[in-house]
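In what comes next, subunit A is part of two complexes: it sits with subunit B in the first one and with subunit C in the second one.
Let's look at the complex of A and B:
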């Protein structure tokens, strides 16, 4: 039982990390990164080859550094970040919105085929396996206790990454990225280097993707191309849209509902008599339906983006009376009569 | 004439063979309000787009003070002190009114990831200072009550005010206003005119595209007339009224219309 529960807990935290990464790219900056799963994959592979020793019989791969956790995972995150720089240089200078999305899908397919067929990179279609389980030997953990341990470890990593992301999104950096999402021409006219800022967003988001991928390969001990079919990107998008784009809390809610309850829980449910595996086979279809329903009825997600109130900046609030007097201009601008504005603020009495 | 704050020479821009701007050149005197007028299709907005870096000219040079800014991207021109508003308001709709202004604050330490991670105290201090200034501006521009409203929810007139307040937040040396009075009710035209005169008092150089000659007459010191992408004439409006070419190309047309009204 603990095995099942902590497997779900692991996926909850891992997809929380992945969704936060896609959120800064898409939810905050508006970059439709349909290649997101590719960044997760590079994180997983590089973590794998950084952790595996050189020359394991039957497997072909680069590096083989034998690095322990968390160094291997950090390397995975950095590799995804480096790939983001490359992709951003190819795409972000000239393209945006739908064209950018199409090119990103294409790049994702190129990258997928390359990893699938170029065996000496990450062992081709067989992928990497027997990836060392962090601390399993030193702590003497069995299969079940490792799952519990690693789910908790992922929770700690997710908490640290949430803290970092929260700080980024609350800072002027996050505001500038939202400004670029809303109107990149206006943002540039206000002195924002939109390419550079989008590059930052791609790098931060891809680092999160890489770390999430790195944790994924260490949890299961293996990773191969079937784990990151290009369609998997849409599962992360579903987490984002169900939870509420632009909001970290929403990412957690989305990860809980989509990844944990819709994708992984059905695998642990008892079979419908006469139809073994039926629920499990239809999990992606279910995600698709939920995604459509959300976009139709609640496009802002379960936890919508929250705007920051003026009081939270620490500047003293103005006196209402004075503000009310000056707000007469706003009333004129709004096409409301001044008498009405006076009435609203009490100044006319 | 006062030293130019903004100058362009021989600017041309063609769209698929059609010349929108065809050798425009003029100088905008420092610390004054200059109107850029001309018939529809004269290339006024294209010139403003080129001067602000939103569009690249095919030929020609431009200078901001003594610095040549030819070919600079718009963010670099903005950082050098030239800010602008747009003909159709480009508010940052998903940000609050206050956040719209904060985005425009110059040189923000918090745009750097390193500072975000390592120097939260510096950012908090800077944000507080910027917020104080932004709230003051919102008071002046009559938008204080809407400080926490998402900008997309403002009315058309309020968006115009927001755009000007936002540009002012960027501490401009030169401010380009693309038809600030278009689609604005008569009461607000007077208010906006007052604001623009106030900017002049603060030492800001203003170049504004304007069709309303009453406004031009009342607040502008200097007028540049564009026609068919060229500079037709420059000078004070009273002088230009004597210029038969200008009257034929533009003023006559506008005066006829106002006479008919």
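Let's look at the complex of A and C:
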């Protein structure tokens, strides 16, 4: 019983971290990052190969540093961050919303394909396994007690990450990112370098993705390519939308409702005889349906983003549902064509 | 029989499949101005409709089954637009919402397909057909029919777009929806017809993909979607003729490169082409800046 409960607790905290990372990218800055799970995967893989010893028979991978817990996970987070810089340099400067979404989703498929085929990188389609469980040996933990220990450890990490994110979002950086989301033309006109800001947002979010991925691989001890097909990105989006884009409390609520209750609780149900995987398929379809209903009936999420008083220059804050219309008003007020303000995110034409 | 010409033959077949799929996606994008991320699953659903008609209960000839499935998928496209995507697109100014909805629709459709047909690999029942020498290439009867279907559809679409009133309205709407509306074009009707065509083309593309690959799986459409994106972006998103050109280029380059380097890296070749296009000509080969912006 404790095993089940603490597995759920682990996923709650882990997806809280993942959702906070996506939140700064999409909820705060408005970058529709459909490749999010790719960054999670890089974090997980790099954490794995940094934690595994140099030579394990039967597995092929790079690095193999044998680093202990916080170091290998940090390395995973930094690797995801580095990838974000690369991706942002190619895509953010010149692409408008839907191009960006297409390229990112394609990227996540190509990562998948590449890691699947290029065996010497992360052991190909078999994925990594026997990743060391942090402190299990030195503390003498069994399978059950390790689950409890690691769930609590993830809780501590999540708390630290939450504190950091909280500070980032309250800092001038957070305000600038919101301004870019609401009206990037106006933000640029006020002298903000929108590309640099979006790049920062991508890096911070990807770092969170990498840490979340690193915790994921150490919790289960293994990770393989099928765990990060584009559909998995959608689960994080569902957490974000259901909880309420733009605020961290919403991310926690979303992680609790979507990831813990909707996805992981049914996973403990026994299979229907003769139909392996049927429950999982239904469950994922249900997540999609819930998300659509949510977007239609309560697009601001269960915990809506609070209005901020700091912007007192007549530029209306985003009310989520009304966002489009307000964007438009702001754009007209700023004397900018609607088409332009509504549709492009880059400046590369 | 050289390896080169063999791969050119494969390239032509892949290009034919890709062209049908890319045009279906591009057509819908041009009219509605958002990308349908569930398009790969439209293809998969079409392929499984064909499979049911062809194999399980009805045992209809594969080509007739394909036509029926295409019509059914057209109807499905209309319904999805009517009840799901259309309302979302009208309600929210920002395209983010409708993009997330299509992404969600993709997850729903994929998992519904999985729950009905399971994850097993399935096969159409169709005559193997003999191989024919066409110039220096070697192609089977089925491959030739697939290419024929593709060419016929492209020709029909070209004629419709260039000569009929409907085609003219579609092109007008693709250029500028507001202007088309003020000129008295019934934009809702055109949107509905476009969704029908897009769905039907997805149905055909999914089925011929199954035929040319020799098997069908629920996830096949989703992986293929990315190759379609590469073709569509290369040609200039929303441009029909660009999509055709992009399809031929991507189809040929992936198959010919597969003959000389590891075929497992086919997707990566398509991706490299995609990235180069984005870096060098972000509006695509034929895309006009004016149309891609609106």
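Just so we're on the same page, the second predicted complex is superposed on the first by the 294 of 349 C-alpha atoms of A that agree within 3 Å, B and C clash if a C-alpha of one lies under 4 Å from a C-alpha of the other, contacts with A are read in each partner's own complex, and residues count from 1 in each chain.
Operating definition for what follows: a contact is a pair of C-beta atoms (placed from the backbone, for glycine too) under 8 Å apart; a residue touches a chain by one contact, two chains touch by 3 or more.
What you see is a predicted model; the values in this text were computed from it and never measured.
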item	value
First (subunit B), second (subunit C), both or neither touched by A:139	neither
Contacts of A:176 with subunit B and subunit C, given as first, second, both or neither	first
First, second, both or neither for A:90, with subunit B first and subunit C second	second
First, second, both or neither for A:204, with subunit B first and subunit C second	first
Which superposed partner A:32 touches (first subunit B, second subunit C, both, neither)	second
Contacts of A:192 with subunit B and subunit C, given as first, second, both or neither	first
First (subunit B), second (subunit C), both or neither touched by A:156	neither
Interface residues of subunit A shared between complexes with subunit B and subunit C	323-324, 327-328
Contacting residues of subunit B [partner subunit A, same complex]	52-54, 73-76, 78-79, 83-84, 86, 90-96, 98-99, 102-104, 106, 108-113, 116-117, 120, 123-124, 127-128, 130-132, 134-135, 139-148, 150, 155, 157-158, 160-161, 166, 170, 185, 187-188, 191
Partner subunit C, residues of subunit A touching it in the complex	30, 32, 34, 90-91, 94-99, 101-103, 105-107, 109-110, 113-114, 117, 229-231, 234, 237-238, 241, 275, 277-278, 281-282, 284-285, 287-289, 291-292, 295-296, 299, 321, 323-325, 327-328, 339-340, 342-344, 348-349
Subunit C residues within the subunit A interface of the complex	34-35, 37, 84, 87-88, 91-97, 99-101, 103-108, 110-112, 114-115, 118-119, 219, 222-223, 226, 229-230, 233, 237, 262, 264-265, 267-268, 271, 274-275, 278-279, 282-283, 289, 293-294
Of subunit A, residues touching subunit B in the complex	164, 167-168, 171-173, 175-176, 178-179, 181-183, 185-194, 197, 200, 204, 246, 305, 307-310, 313-318, 322-324, 326-335
